[in-house]
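Some structures are shown below for you to check.
Same chain, two partners: subunit A is paired with subunit B first, then with subunit C.
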Partner chain A sequence: MRRRTWLLLALLGLGMAWGGLPRGREMGSMALIRTLGVDWEDGQYVVTASTGRRARGFQGEEAMEPLILSARRDTLSAALAAVAAGSEQEVYFGYVDQLLLGRELAERGALPVLERFIGEEELGLGAQVWLICGQAKAAVTCGGEEGAEPRLTVLAKGEEGSAGFGRTVGAVLTDLNENGCAYVPALEQDQRGLLWEKGCGILEADGLRGWLFGAQAQGMKLLTGGGAGDVIELAGGRAAEIVGVRTGLTWDEDSRTMVVRCRIALRLTEGGAGLAQEEREALLRQIETLEEERIGGTLRTLSNWKSDCLGLGRRLRAEHPFRTGGKDVFSNSTLRGAVQAVWEPSG
Partner chain B sequence: MSGEPTPQAEQPHPRKTPRLKQRLSLEALTQVFSDCADFSARQLRLGGTGQVVTVCWLEGMAKTERLNDYVFRPLAQDRRLEAAQGEAALALLVQGTLYAQKVKVEREMDPVAQGLIGGSCALFLQGEKERALVIPVPTEEKRSIGQPENEPSLKGARDSFAESVRTNTSLVRRRLRAPELKIVECVAGRQSLTPVDILWLEGIADPDTVDKVRRRIEDMDIDGIQAAGNIEEYVIDRVDTPFPLICYTQRPDRFCQGLLEGRVGILCDGLALGHLLPGTIDQFFKTGQDRAYHWLVASMLSCVRYLCAVITLLVPGLYIALVTYHPEAIPVKLALSIVSAKQEVPFSTVFEVLIMLVAFEILQEAGLRLPSTIGATVSILGGLVVGNAAVDARIVSPAVLIAVAIAGIAGYTMPSQDFSGALRLWRFLLAVLASLGGLFGLGAGCVLLLYHLAGLETFGVPYLAPFTSGARRRCGHPTVFRLPLREMKWRDGALHSRNRRNQR
Partner chain C sequence: MEREKELSMTQLMALVWLADLAPAAQLLRTSAEVGGAGGWLSPLLALPVLAALGGLMGWAAGREGLAEKLRRGLGPVLGRGVLFLYIGWAALLAGRRLGQCALRLSEGGSRDGSAWFFLGVMALTALWMVRGSLAALGRTAQILLAILAAAGGVVLLLALLRTDWTRLVPAEGWTGRTIPVALSAAQALAPGLYGAFLLNKTDLRRGGSTFLCWSAGGCLMLTAAQGIVQGCLGAALSARLDSPFFTITQSVGVEGAFQRVESIVITIWAAADLFFVVLMLTAIKAGAKRAADGGTAGLAAAAGITAAIGSAVGTVLGWPAEEAVWTGREGYMTLLLFLCPVILAAVFDKR
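Presenting the complex of A and B:
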């Protein structure tokens, strides 16, 4: 009797849980959206979605060209719904791997778009997010038959010469929540329509704080522990490739200085033949100076903006809870970068 | 002989003892075997001219040569019998005139009738009432010992149980020569009167289990034992599960290994297999070859079998759940291929999978029921031609075909067909649950399956004993992995073995 009661209760619980399940759908009728671009134009959201090149089936069916859908509405929800409604197939957002945010949208505030990824059942926080120095729609539609997705994947993973500076929606939202701002890699299109890395932008909840381009972007990469694969061009036709970066944070209480220490492992890829040990050491000092300048420039800019997008203040408070004083440690401290460059042991 | 049922026909099956109530006599025996074309009797005089005797036997059960050489020849030619009468003649016959390994004087009708059925002949002396000599002269027409077709051997013994229980006990006795091997015979089946032997190793097997098995076989009151199920379903505790609770094997070596582990064996006349119990889940993943291979290879194969059990059980349900409810969990490239391949298919994924599972069962059944040569053709026609044509015609998607085929092939790795059948049944259930609730439904089904398995028990031993502490006794050695034999020093505690150590 008791066992039967438990069984009935279990069945009841099961039935209740069953009610909250997602509804079943057929994949054969789906268009799997891979890349989503969101712009802000004339007071409206413009959502552009692309499936990317659709694969051959198991029996060598014809691969289909990307399906590109676009809609413009006053609200994001309406724009997304309009995109879904504009297709002959059932649009499925569960495979969105790339989210592109247009410049105007970033300046106006991208938080509603990012938060949509939390609330929406199909959208996942693992999607890569990029800022586009221009229109996201143009970036989504670039790439011809293949679509933009393969190029974005290469940029995110750091393949083929790219340094791999990708950030996920989840990471950006976490930074926005914990640090009040977040860095997001930026891309721009060249004249052929190909997407290239273009530094990064600092997003805040209510808009874009600013852009970090060139040397400052390089410094940002190092500060985040990235940059492996980047090539540093040196005088005399020499080049060194960064093979590993490690960063740490120290605190000098007397001078109230936050020191970001960066250890860079390098490999001399060009012009290294016949170099004496002293010359190699001199090259290291040269690189250290160069990178310290980059890092220093980035830290100065962040300090001026009071944008602790790397969470340095938070990290320091966690490490030295009684010595750093207050929440404003990032704003009230001097920021300095220290670089130690080493050659990676060969062989 | 009217067609109306007698009042007794409506009664609960009453057991008659003794079966034949007539007083023993030649006339009564002839009456018992009236309308039996194989019943034969011959009269002759002892020593050619002495007292009249009648010998009765059943054609086909008694061997003609033995009857002639060991019974009729001495009866007719032994001069000592010529002058003997009554008691003296009987004494001479019992004491060695007849060339038989045993001669038994019977006074009841039942044993005489049973003796005739068992291949003996019955000898009646004229004038002697209620006494007959029963002399065994059975024929040995039976299938010779062959190879175990269902459990082929690559490295090991190649003999298999036959239909004769005595042949089977001899096969076991040759492997376990210890006098501690005990064999008790029960008779089951009211009409079949089938000898059923219970075998165990005294000092190793649990005596309580032996008693329970014996009691259950003796309590069986059925018409006849014609199939293995007749033994299995009456001996086990529960029949509301598709999972086999009693393990069977065609191989004497595996049977003996079971006895050495402390299990109790059942050999039934007419069945070319032996049963081992209590049955625990690990028994159905083991093969007779596990101890023949190197322990690393055997462990790897054992892991493969457990993995295949999971695959055969879950793959169709998992496919339905992922494709229908959780497509985001499928790797992108695979998802794109599935979408592309499924675009022209008119049926839903659930329908496709269930139809393919049913088709798979139909093909398998058709292949089994036909002669092996035609069966192979059916398999090729069904599997390749029809399957390929169905995919070409976009009736099913290739991904479904692959998923169902993988599940089906994985199921074939199960050494036990009974266990494989249970997995197939649950595969359907899990597929249906997955179609109702995706991964949640599949998960709920798996919990239900575990709950069901955890509730099974045979002879006080939990079905999941090797993986649980339900038996509250130490497991002998790892179940999935086979250790080197030198390390396997303990019998499984769950079996309540009297002596757990199996080697120094």
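Presenting the complex of A and C:
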């Protein structure tokens, strides 16, 4: 027993001598970065970091303004280090939940920024990533006392009318590696500074392939199995809400056509009273035509760009390994969308 | 006679698998590097290799244990030399594992903690554990293995929702890479073969079937786990991450219940690293005892010095700066080390 005590004491002594004993850290005394924005301006990286709303006191009763730090350097590492050095408090990047990439940076190539999250001690692959149609710096600093983070969380999760189009750094990096490109949701700020969904951008390893806005972005949402919560406005003051989307892929070997099948479950939210069964069926056909056009437009664009960001070629090769022939099945095939709309049983 | 044995075969296998969970957490990186999209299959492909090696160890060691067999089969001089080699190599592996685990703990928990502190604590804990009874060690291993399996299982179940199975289909012409992929898993799990040094203290009734069940079950579970991880991250990204499994733990969570479980999982996983070191130290203890038996006191001291130097070298080389020199190679060495002398010893053993 005495020997063990000696051993323990010796260990503690050694630890103290080396300064190697772990020290406790108070969360309240650290600047926990929640939102990180990266821009490319005049040949330099501009990194902007925000803590979001901070709380002080025993139960967080005292609210503090977000701490916003920004630095501009030639390299990303130097800019991140300068951000960390620019605060009185210890800056901790382990809680970065949102990564915003500015338009110029995306066009120049966002891969170096995303790869920074691989093997990084603090930054994790679970952070949400967004493209900003403008400057990321402005987006990070918006949101007043609350910071940009609550709004971004709402947009990512699909609450309050947004359709939930969030993507993580890990998912984007995986797509870049597996498919050669990746879709990343895009945001833009209105005049008040509030962030809104604005379709998505197609990232490639060395730059931005292009943007999908409007109907094409809607099509993209459906193709990814998202879009639940979106409202489709129909003629005669009627409105239908998408409650669920399921996608599947079929392959016609003879015509070398990939057909992306989309099954949309809907609920008639307005103008549905007193509608006969035939009229309800007619509405469904109307929605099918509309959504097929949207999906078709998106698929045509992706095909023209040769951007298989949905991994359709990979999926097809996995499902029909002996019939698709070769790796470039995506670029050698015709793409078509087929939509089947159904009313949700209760609606 | 068998009742006096300290360990049951189940406990020995729990000890070996718990130790092997430490390198297993990093296995997908190597396997995906070697095998691309087919990398996740590596433990399954390695099963025949591991089962054959384990069977060979059982046959060679018999009821007397590997250390005794080596010394008797190869003669007092060569036998002792080979035992010293095993001791040094085990110490090297243990040191390397200690260094890596200490770094991971200091990075995963808090930047303020020094890796040296964790290194010291782990080393002393391992030494203290080896001093105790083998039976207690076996029981602890069973409990800890259940805890680690549960923690890993929860993480993987949550990750299952995000798994894209199409990322698991190997590319055409992949079959040519089957052997390197199998070896990538076999070499990572090879340190578990040091468990053969404990066979003389294990109750070997129905030992063969227990060994086969555990090997098959373990490899299948590991394959499934790797499938889920690779389905989430893809092979290319998995090959670039230090530990794809720990990366997955960063992004799973249940909204409102728990989030950010990586620190907890990394801390729990230190138990696997600790038992890896404990298994090596137990094997060193058994080897040193046979090597010094019937010899001078100097032999025992030499065994101790070999172990100390081995672990120091392993620790220094285990630091990540030198990782490029090491990744994977020591595993193949372990395989070779266990193959040649053991066969020779078994063949030349006259009794």
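Everything that follows uses one rule, which is that the second predicted complex is superposed on the first by the 313 of 347 C-alpha atoms of A that agree within 3 Å, B and C clash if a C-alpha of one lies under 4 Å from a C-alpha of the other, contacts with A are read in each partner's own complex, and residues count from 1 in each chain.
Heads up, the rule we're going with is that a contact is a pair of C-beta atoms (placed from the backbone, for glycine too) under 8 Å apart; a residue touches a chain by one contact, two chains touch by 3 or more.
This structure is a prediction, so every number in the text was calculated from the model and none was measured.
*Asks:* For A:Gly297, decide between first (touching subunit B), second (touching subunit C), both and neither.
*Replies:* neither
*Asks:* So, A:Arg4: does it touch subunit B (first), subunit C (second), both, or neither?
*Replies:* After superposition on chain A, A:Arg4 lies in contact with subunit C alone.
*Asks:* After lining up the shared chain so the two structures overlap, which partner does A:Glu178 touch, if you call subunit B first and subunit C second: first, second, both or neither?
*Replies:* Second partner only.
*Asks:* With the two complexes superposed on chain A, say which partner A:Arg54 touches: subunit B (first), subunit C (second), both, or neither.
*Replies:* first
*Asks:* After the superposition on A, what does A:Gly166 contact: first (subunit B), second (subunit C), both or neither?
*Replies:* A:Gly166: touches no partner chain.
*Asks:* Using the touch definition from the top, say if A:Gly143 reaches subunit B (first), subunit C (second), both or neither.
*Replies:* neither
*Asks:* Looking at A:Leu32, would you say it contacts subunit B, subunit C, both, or neither? Reply first, second, both or neither.
*Replies:* first
*Asks:* Taking the superposition as given, does A:Leu14 touch the first partner, subunit B, the second, subunit C, both, or neither?
*Replies:* Both subunit B and subunit C are touched by A:Leu14.
*Asks:* Once the structures are superposed on A, label A:Gly124 by its partner contacts, choosing first (subunit B), second (subunit C), both or neither.
*Replies:* both
*Asks:* Per the definitions at the top, what is the overlap between the subunit A residues touching subunit B and those touching subunit C?
*Replies:* 14, 18, 21-22, 25, 124.
*Asks:* Note which residues of subunit A are touching subunit B in the complex, please.
*Replies:* For subunit A paired with subunit B, touching residues are 14, 17-18, 21-22, 24-30, 32, 34, 54-59, 61, 63-64, 92, 94-95, 97, 122, 124.
*Asks:* Which positions of subunit C touch subunit A when the two form their complex?
*Replies:* 107, 109-114, 116-117, 120-121, 124, 128, 164-169, 232-237, 240-242, 247, 250-251, 262
*Asks:* Of all residues in subunit B, which touch subunit A in the complex?
*Replies:* 323-328, 332-333, 335-345, 348-350, 391, 397-399, 402, 435-438, 440-441, 444
*Asks:* Once bound in the complex, which stretches of subunit A touch subunit C?
*Replies:* 4, 7, 11, 14-15, 18-23, 25, 118-119, 121, 124-126, 168, 170, 173-174, 177-178, 311, 314-315, 317-319, 321
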